[in-house]
Structures are given as structure tokens and as C-alpha cells.
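Chain nomenclature is as follows: A, B, C and D, assigned in order of appearance, with residue numbering initiated at 1 for each chain independently.
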Amino acid sequence: MTTLTLENLNLRYNGGADHAVREFSLHVNSSEFITLLGPSGCGKTSTLKMIAGLIAPDNGDILFDDRSITHLPPEKRRAAMVFQNHLLFPYLTVRQNVAFGLKMKRVAAAEIQRRVNNMLDDVQISDLADSKPHQISGGQRQRAALARALVTEPQLLLLDEPLSSLDAHLRDEMRNLIINLQRQSGTTTVMVTHDQHEALHISDRIALMFDGRLGQFDRPTALFERPSDIATAKFFGCQNFLECRISGQRMLCQFGELHLSANSTAGIGAASEYKGTATFRAESLIVNPSQTSVNLCKAELLNVEVAGSYRKCQVKITRCNDNPVSAGEQEPTDDNSIIYLHCHARDINAYAVGDQIDLCIPPESIWIIPG
Amino acid sequence: MHTLREGRLKTDMTTSVHRTQSSRQTPAPVLLAFALMIIWLVLPLVPIVVWSFAKRWFFPDLVPGEWSLQAWQYLFSPVSGLGKAISASLAIAIPVTLLSCCIGIPAGRALACYNFRGKRAVQLLVLAPVLVPGIAVITGLHGIMLNLELNNQLAGVIVAHLIPALPYMILVMASTFARFDTEFEAQARTLGANTFQVFTRVTLPAILPGIVIGALFTFLVSWSQYILTLIVGGGRVVTLPLLLFNFVSAGRNDVAGALGVIFILPGLIILIAVARFISGRSGIAELPSRL
Amino acid sequence: MLNVQLCQLRLNKLNPLQALILFFSITLLTPTTVTAASENEFADDSWDEIVAAAKGGEVNWFMWGGSDDINRYVSDFVGGLLKKRYDITLNRVGINDTVEAVNLVLGEKEAGNTDSGSVDLIWINGENFRSMKQGDMAFCGYLDAMPNNALIDWENDSIANDFGVPVDGCEVPWSKAQFAFAYDEKRTDTPPTTIAALIDWVTKNPGRFTYPAPPDFSGSVFVRHVFYHAAGGVKNLLVDFDQALFDEVAAKTWQILNDMKPALWRAGRTYPQSITQLDQMFANSEVDITFSYDPSSVGLKIENGSYPATTKGFVMTDGTIGNTSYTLIPFNSPNKAAAIVLQNLLTSDEAQYQKALPEVWGTMPAIDLSRISDEYKDKFNTLERHPSVVSEAELAEVALPELQSSWITAIEEGWKENVAR
Amino acid sequence: MPRLGRLRARKIRFQRLTPWLLLLPALIVIVPLFAGGLAAGLLRSFNYMPVIGLDSPNLAAYSALLRDDEFLPSLLLTTYIALTSTVIASLLALGAVLMIRRLNAGRSLINFLLQLNLTIPHLVGAVGIVYLFSQSGSFARLALHAGFINEPQQFPALIYDPAAIGIILVYVWKELPFIALILLASLQQGGEEFEAVARTLGASRWQVLRFVTLPNLLPALLASSMIVLAFTFGAYEIPALLGAYYPAPLPVLAYRKFTDVDLASRPEAIAISMIIAVLSLIFVLLYAHITRRQIEN
């Protein structure tokens, strides 16, 4: 199918004073499903609209299959867009809505009928074909909107928060439908969302956006496990960040020395000694580890918060790998020795706030972000 | 803006980007239409203002033969009855507005917040006086008002003006209440506010912009009313429109022009006042969206 | 009450018995007897009593309000004197058309309002007077109590009859008017001075003449001039309506007017709605001749800038129609005494002179100048008219009487049917 | 119901009454004045008024109207004025709105002027139009100075003409902003996004206009046109000032007959009023029908 390339897109507003999108470059492979993910106001919808041709970039280029289409009006780009709130034309029936794009292209009536019927079957709303949009449910409307976009056999499918207006249970159903239809048709797809779980579930790759710039662009697991910067890590819910010095397979931080795995430093070049930020997810810590584990630490339990079957705890590390905290170069400050851990209720129930607990920071869970 | 232009120019040359989409430059035909529209909207007001200062302005002179204040001098002399006409206009428009508020606010609420049998009929009944011309109603009503001895005096004219004015208020208030979440009132109740407090502290602040728009429009409807005043007032109640009509039909362009200027002023003031009051919103333009 | 008066007028033609029966049947059977008493409530009063009754009151005077000069005269001069001398407040009510005031009284009468009407005085004549009089809506029979009644020459037909309707003490003359034409010296060298010449002039200057469509007052008068011309003079027409005579003259009149049509403004497809419109068209060179029932208005209009300064009034040597306008007190006026005081003031030499001043209004007095004080006689004699206004002598020389309203109505109807469409 | 406590039943009954209580003052005003006025007019037009002794209704007033040779031309003229004004104002307003949407600057200026116009009485607009468009008005003067004409009569007759162009101009001037503001308000409610989605579905600019923008605007356009149609059909002062002497539009004819000294004309005047009322009530129903469909959507 089609590949999409964005080259140094810039979009300014307020008479050029502010950037909505800056120096944004991206390459999407054929049939790939990528997601533009970021907090609201990061410029992701603007980027999507530039791809659709609804907004013109101030400079930069957009290429479909390595051909610049920046000069083309939206209707010539064959990039169908599904909006957040379905936007079915209220005065047309579901069938007429789905047929809209084909009618615009002056496809023969019989052909329209055939393709629309197939499409309505695919999204399972054939029986509602002659209803008006206001007569059907929210989920059905979104299906119709999706059908309306896909029936035109676009080069590119653009989805702007397609699930956010739906209830939780409908969202899963709709997500699976989108995945199936996308796989089936092989349409290169760009989705915009602010919901990381949605993005992680659905995408081949995720492009993170912060403040109009492209952040990390990678597979979902990579974003989750190997964030390229602190912002990305934080966006995916990482809470533990330790400034440290790294030397070979070991890192030195305020409460002592920790062992690293080979993977931990994969994001960094071959330098032998440097500064970085160690990050590990709260749920990767092990409470009451076997005494043979590496990176055994002693910590004081500061706070326990019940979250269903597991507990969110705040602990203050006192020593690690039998190195007392004072073994570090400086006195540890509170904020750099307090970390968060998530564990199963049974592991922590025996302890009360103020008790000392044992925990382990597995070397393979540590990821070093340079700088 | 300057740097933006340059930047764009550079890209145009390097990557031959053509900006066909929603570009920030308005195309020439649109600009032309824009200019024509502005001219068309303003144009009829120009000769009115000029005439009010003109004397001996005959065909084919493009500017008046003489500039003169005679129209203004006449109008501001006690003879002209301008003061009386303005006070009559106000003495009608203000009570009409206040009455419309008192009657229209509850009615608007009933139409917006309740479902009841016959609602559709009531809506039609409220809408009808907006659409049915005044002359159609007043010729029949005239006889009734005669018997009630309401003709030829302010009270009767006020009553007559309520016919076209009140429905506007009700329609605006209905739309205002439709946007108002009555849950707020329930919330205030649970916090210990009594009915009166709920109204003054919760409901009133929320619907105030609607009231202001409705009231100002009601005022303008009454202010501009001609035929109802003429027939019910029977010549005894001389409002500004009647005075203007007098001089227009007497061919005194200068006096008519000056009266026209005076006639426009409240609308202008109201427009500016509303724009201030409802900050960020589009002022009187709200009205149509609420009908 | 009209009945009563008519009876009284004709009593001498009936034998005494008939007269007695008629009189009693009327006085007993018609409700006018009720008002008959009240209508004369001032007849026997002394002037001082009337003035005393009027003191501190107010008068609502309904009159056409489209002239700032007239408004100023009435409100400032008359209103000022009335307040100062009699402590009466004059409330001038400007209306578009006198018929509005007539309707007002009519409506009140319909509603049974006999003593608290809203109109105390109307500037009136012609058709409207006929309506008021025939509808028993005029207050009559008090003139003898009014000192300035002595200045009015009731022997004069043009005063005693308002468009052929006997005044019968139901209204007081206020102003005299005579039809006059106007042209612009800059545009026209010599205007036509007979109706025949005018007709000829119109055909030779296509598009430069028109007249307001009757029943516009002035347009209707113009048509009557043509009617007089077609009749070969007014003499035969000054009788009660005669259908045969009318048909004969009317046919000629319509012929003339229809022949004129293609040469009229907009080829006679339409006519101006009002004299105002004609005036404005004249001022803006759309047409070259205008006219007015108020010859002095030429001067006022030049001064207030409505007419070009080069405008000149002129008359037809074969005559122009003149009339008198009056003030009338409606039967249900609650302020009759004050209204009478006002009427008396209006007919004073002082007020009539002020009114005749060219810069005030310039209109002709309705009182007999031979009966006024020597002081005002001198003043009137040395009065200078506006240079563009036709002189009074010239007007007087060519004055023609008005027809009875029945003729006028017939002419207006006939014009509508035969010329307009 | 029987299970409900008496108090509760009373409360429910009271709640059912609430909207009517709230509406009561309004109904007290509207029903006697508006409906009562129309009803009284209707009776009077049938010469039925037992109070003053007329107790056998008849169609005399209406048949007199049909015999009056000004009535039919007047009805036609009124209809022509109303339809022409409404259609022109609607189309221009539509064009204006489409134009305004494409503006990047100047929107607030045009918005201000539209609103200003909304507040200006028709009477003033009429005066302005006369000054501009009469045969000796500003445009005629400009035409003369530009050498297009030599005298006023060569300028097209727009005012005081049976074609009623002057009246139509005033209505277009006054109603265009009214319709335009209603359309702009209706566009604010999400119209632009529909157009965006249509374009990504392959609709060209014209197709968007034809298949999205216009259908979106249509209900608001029709509803506002109904208001304008009813108004232009029944307004008095503009035709009274700018009309030709014959035929007079219905409202002027009605007023003339209503104020005729001959009281016999009054039922005729009221009969004309009733005809105006019936026609405008039809507009009301059309309006209601249109807006109802809009609400359903």
C-alpha cells in the first residue's frame, strides 16, 4: 500500500509567534498502523490535519509513496479521516453517509451499492442502513463513520481519537474492529490519541509527541521498556528516576552501587564512564527477595496505598548490596532515596508503616537514560 | 509575520510547496465581496448623516450646497417635541421591557425545562406574534381596546407593544434555560439555600446574559414600532418613529436625517453595551442563535 | 345638532304647525337634544366667564406636523401668548394627515365617549369638515361669545362655506390659501400662465411635469383646475351635484389628462403619492413645475433649503382655486372653553399678522382686514412678502372658488377610474 | 396511584401544574391580546358583532374586497414584494456567510456592522435607501457626473415605482444581516468539521458546498426566510413611504381603509388584516415544521 513521509513539518499560529508543530519528520511504512501519542495540545491533531490536507504546513513536505502531495487539496489525497465525534451528516441516512465519498467520486450507482453493502456488513450495521444518525447508538455511529472512511479505499486512514467518545466496553469492541479492518484492508493508518493504553494495544509503532516535536518513535514495548528520555518514561507511568554515574555494568547513585544488565545500557554508546538517569518501573521491584538476588536493598516503608489486589508503596532506601548509603559520595537527600514500588498485597501485608523491608531491584529492569 | 513570510518564500523555492489549502491569504474575489458587503451595509447610513447637516442639497450636487445646523437647531428647540417623543418612546419601551422580563422569564423556563401536554401548541402560540404582522392583529384588537378605554394613551400602546415584544423575550429565555443545567439549583438546595437564594445566587447569575439580550431586543422591538403606536396611540402618543415618519413624509430630508441619527443611537449604545456585558461572546448576534 | 340647525334654517319655509311638529319630534326623539343644551353652554356666557373657565387648563390641538415653521409659530408664538395671557397650556399634536384626528373623534363617538375626548381642536377643512359636521362630531354655535368673531366676514361665501358645506358656526376660519404654481427661473424662462398653455407646455416638454395622484389634496386641486378649464369656467359648476353636467365635463377632463399622460413624468405610468414627493422632485430637477395650496410656502421652502433660491411662484391668469382652512372643536372635547380662547387668539389681528410675516409662515389672513385696528392695518399694508411669492393682489385677481365636496369626491373617483389605470 | 401517599400525589399534581403556572402570565398577555385580537378581527370581518347589533354574519366585507379593483393587484404586489425580498435577501445572506467564513481578517468588523444593522429601525433604512436610489439620489448624481445620464429621468426608476424596487432594496438591506446572523450562528454549531470530514472523503470545494454546507444551512435558512417572508408581507411603514400610489401593498391598503372616514370601509380593512394573518399563520406553521425537523436531526 502507501508509505507516508513527513519532512520537517512546521506549523505556526498566532501570526507565527507560536509553534503548533515544529520540525516534524516521520516515515510510516506501507500497511503500518502508527499512533501519534501525546498529551493534549502537543500538536498531534494538527499533524493529522496537515496529512489530511485540512491545514497547510508553514513549511516542510508531506509525501505519499515518496511523492510530494503537500500541494494537493484534501479531496485529491485519498486520506480519509474519522473524527472524534463521528460527524455523520445528520440529514443523511447511514447508508447515504457511507456512500458519500463514493458519490463524490462519481462512482456508478450499482458499484456504490455493492461496496456500501459490503462495508456495512464488515462493520456489522447493515440492519441500520436506513436509519438517521440520531436514531442509532454512539458505537454504531462510530462504526458508520469508520465505514464511511474505509469504503472509499483510501491510501491512508486517519483516525482522530476515534474511541474517546465511547463507553469503556464499546471501546474494546471498536478497537478490535478497527484492528481487524485495518489488517484486512492493509490500509496505512495514522491514529491520534492521548490514551497510552489504546496506543499500546493497537499500534505497530507509536510516535510520541511533546510540544509539537517528535519524541520517541518505536514499537509499543520499546516505548514502554526502553524510553529514550525522561519525558517518555514519565508519560508511560514510570515513577522512579535515579541520577547516577555508570561505569561498565555498574551504576553508582546516592544510596549505593547497583548492578546493571547488558540490556540496561543498550540505549547508550560505548563510553566507559558517564552520567545518566536510571529508571525502573515500580512493579518490577521484588519485595522479600531470596537472599541470593543481586541488588538487594533495605528500605523503610513510608506509605501504603490500596489499589485493588496490589499495593502502591513508597519506601525510603537505606542501603543496597550491603553498601551503606553513606558509601556514596554525598549524603543522600530524601527525594533521591525515596522510590515507589507496586507489589502484591500478600507480600506487604505483614508490614506496617515505619517497618524495614527487604527488596530487590533486578538489574534487567533497570534502564539507563543518558544525560 | 515578517519572518513567516520569508520562511514560506524559502520553502516555496526549495520544495515547491503550493499552499492551496485554507491559506492565510484571502483570495481576491472574497476580498471584493467583503468590501462590497461593508459598503452595502454602511452606505444607506451615510446620506442620513450628511443630510442632517445639509441645506440646499439639490440634484446633481454631490455635496450639500450649504452646511447647516438648522435641522439640529430645530430638533433641539422645545417646539420640535423631540424631547416629548423620546420620553414617550422610553416611557413605552422601558415598561414593555420590564413587563416582558417579568412575564418572559418564567414562561421561558416552562418551555425549556418542562415537558407537558400542549407544549407544542404553546410554543406555536408564542411564536405566532413574531410572525403575524402587527397590523393584522391590531385592527381587530382596536375595537376591544376602545371598549377598555386603552386607546390614545401610553398604557394602551404599552399593552399593544407587548404583542410583538414579549414573544422575543420568551424565545430568548427558553433558549437560555435550555442551556442552563437545573442541577445547579438542586446542588444549591443541598447546600442549604432557600428558594429565593437559589434564584438570586444561582439561577439569576447563570441566565443574566440571556435576560440582557432578551431585554435589549425587546426594547428595540418597542423602540422601532410604528404601526401599533399609530393605530393604538391614535396620534396622541407621539413616539420617535412617528415624529420621523412625519418629517419623512413632509419631505424635510434634513430634519428626517437628524431624527434618523437620533433614532439609531440607542441601538448603537446597546450594541456596544452588550458586547461589553457578554465578554467574549458575539453580543446581539447571540439573539438569532437563541431564536 | 345639525338637524336642529337645519330645521331652524328652514323653519320660515314651513307653516307654523308643521314647524312645531317637526321641531318637537326632533327635540324629543333625537338624542341631539341632550347635546343641544351643552353645545350652547357657552353661547350665553360672557367672554370673561369663558376665559375664567379656561384658565389653568390645556388644549390639545391636532394639526399636520410636517412643517417646522408652522410648528414653531404654533408652539412658540401662539402657545407662548396663550400661556402668558390666559394661563392655558397649548399641546400641539403633530399628525400626518388630518383624517387621523377625525378618526380619533369618530372612534370615541363609536365608543360612546361624549365628554372626555382626546381632541380639543383640529386644523381642518373640506372633506374632513364635512365628515365632522355630518357625523355630528363638531361643536357648534358658540361664535357669538368670541370677541374676534367680529373680525370675520361671514358674508363672504368663501368664508361661510367650506368646500360648499355651510360652516354654520361649527368652525372658525384660521387661514386663507390659494393655489399657486412655482418654477425655477434657472431652468424655465417663461412658465405657462393658463391651463391651456400648461397643457401645451407639458406636451412640448415631455417628462418635465406631473401631479400627485388624487386624493392627494394638491393633486386633486390640480385636476379640478383642468376640470374648470374643460367646463369653460367655474360658473356653471357652483351648484349642487349634477350628474349629467359632471359626465359631460368629466369626459373632456379625462380626455385632456389622458392625452397629457405620455408627456408626463415616467410617461404617466405612475404618479407621485404626495405633494411632498412632487416638491422634492421639483427641487431636484426631476420635474420643472410644482404647485402648492399655500402660495407662501415657496418663500419658506427657499429659506429652509427645500427649494432652489431661483424658484418663483406664479399663477394662472385664468384663475387658481382658493380656500379657507379652519379650526374646529370636536363635540366631546373636555376643554372647550380653552379651545375657544385659543380660537379667539388665533383670529386676533396680532396672531394673524405674525402668521402673515414671510419669515414666520407668510400665509394670508382669514380675518377681514378692514375690521382690524388701525395699528395692524398699517402693519399689514407695509407687510413685505417674500420676493419669490406671488403677490396677494395678483392672487386675489385670479381667485376661483372651490366646488362642493360632492363634486370633488366625484372628480377624485372619476380620475381613479378613468385616468389612473 | 392508590399506593402513593396523598401528599405525594398532590405534589405530582402540583408539578404537573408548574409549567402552566410559569406560563400563566405570558398566556394572560398573549391569548387575549394576540388570539383575542385576531378573533375579534375575524368576527368583525364577517360583520358579526352582536354588541353593536350586528348578529347575522356575512361575507360582505370579503366580497367587497373582491369587487375592489385595487385588492387583487395589491395582493399580487404584496406577494411579489415579499417573495422577491425574501429570496434575494436569503441568497445574498447565504453568499455573504460563505464569504465571511473565508475571511481571515475583518470578520469582527463585518460582524459588528451586521449587528448594528439589526438594531436600526426599518424606517431609517428606508430614508437612507431613498437618498441613495431615487432618480435624484446619490447614485443618480454620480451617474450624471460620470456622464452616464444627462437628467434624473434617465436614471432607472427604483423608488415610488410599481415594480417596488425601492421597497425591496430596503428589505434586502435590513433582512440580509438578520438572515446572515442566523446562518452564522447555525454554522458555529460544528459546520466546519462536517466540511473537513467531507473533504477527506474526497469531496471537492464545490461538492462540499453542494452536499454538506448547504444542506447544513438549509433549515436555518428556511426558518429565517419564513420570518422575513411574514414580515415583508405585513409591514406597513416601508411600502407606505416608498410605494407607488397604485396599487398599494396590502398593509397600506388595510390602513387606508381602516382610517377611512367612511366607517363602512373598516370591515374591509379588517378583512384584509385577516387575509394577512392567515397567510402569515401559514408561514408560522411552515416555520414550525422546518424547525421541528431541525430539532429532530
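We take it that a residue touches a chain if its C-beta (ideal position, glycine included) is under 8 Å from a C-beta of that chain, and two chains touch if they have at least 3 such contacts.
Owing to the predicted nature of the structure, the values given are computational and were not obtained by experimental measurement.
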{"item": "Leading chain pair when contacts are tallied as C-beta pairs", "value": "B-D"}
{"item": "Farthest chain (mean CA position) relative to subunit D", "value": "A"}
{"item": "Chain with minimal offset from the mean of all protein Cα atoms", "value": "B"}
{"item": "Centroid distance [mean C-alpha coordinates] between subunit D and subunit C, Å", "value": "40"}
{"item": "Approximate Å spacing (C-alpha centroids) for the pair subunit A, subunit C", "value": "93"}
{"item": "Centre distance in Å when subunit A and subunit B are each reduced to the mean of their C-alpha atoms", "value": "52"}
{"item": "Sequence positions of subunit A contacting 2 or more other chains", "value": "53-54, 73-74"}
{"item": "In subunit C, residues with contacts to at least two other chains", "value": "100, 103, 110, 277, 280, 284-286"}
{"item": "Multi-chain contact residues (two or more partners), subunit D", "value": "136, 152"}
{"item": "Residues of subunit C that touch subunit D when the two form their complex", "value": "99-100, 102-103, 106, 110, 127-128, 131, 207, 212-213, 216, 265-266, 269-273, 277, 280-281, 284-286, 420-421"}
{"item": "Residues of subunit B that touch subunit D when the two form their complex", "value": "24-27, 30, 33-34, 37-38, 40-48, 51, 58-62, 99, 102-104, 106-107, 109-111, 114, 116, 119, 122-144, 159-160, 162-163, 166-167, 170, 220, 223-224, 226-227, 231, 241, 244-245, 248-249, 253, 256-257, 260, 263-264, 266-268, 270-271, 282-289, 291"}
{"item": "Touching residues (chain side subunit A, partner subunit D) in the complex", "value": "49, 52-54, 73-75, 77-81, 83, 85, 87, 89-91, 100-101, 103-105, 132, 134, 148-149, 152, 158"}
{"item": "Of all residues in subunit D, those that touch subunit B in their complex", "value": "16, 18-23, 25-27, 29-42, 44-45, 49, 95-96, 99-100, 102-106, 109-129, 131-132, 136-138, 140-142, 144-145, 152, 173, 177-178, 181-182, 184-186, 188, 224, 226-227, 230-231, 233-237, 241, 251, 254-255, 258, 269-270, 273-274, 276-277, 280-281, 283-285, 287-288"}
{"item": "Contacting residues of subunit D [partner subunit A, same complex]", "value": "190, 193-194, 196-205, 207, 211-212, 215-216, 218, 296-297"}
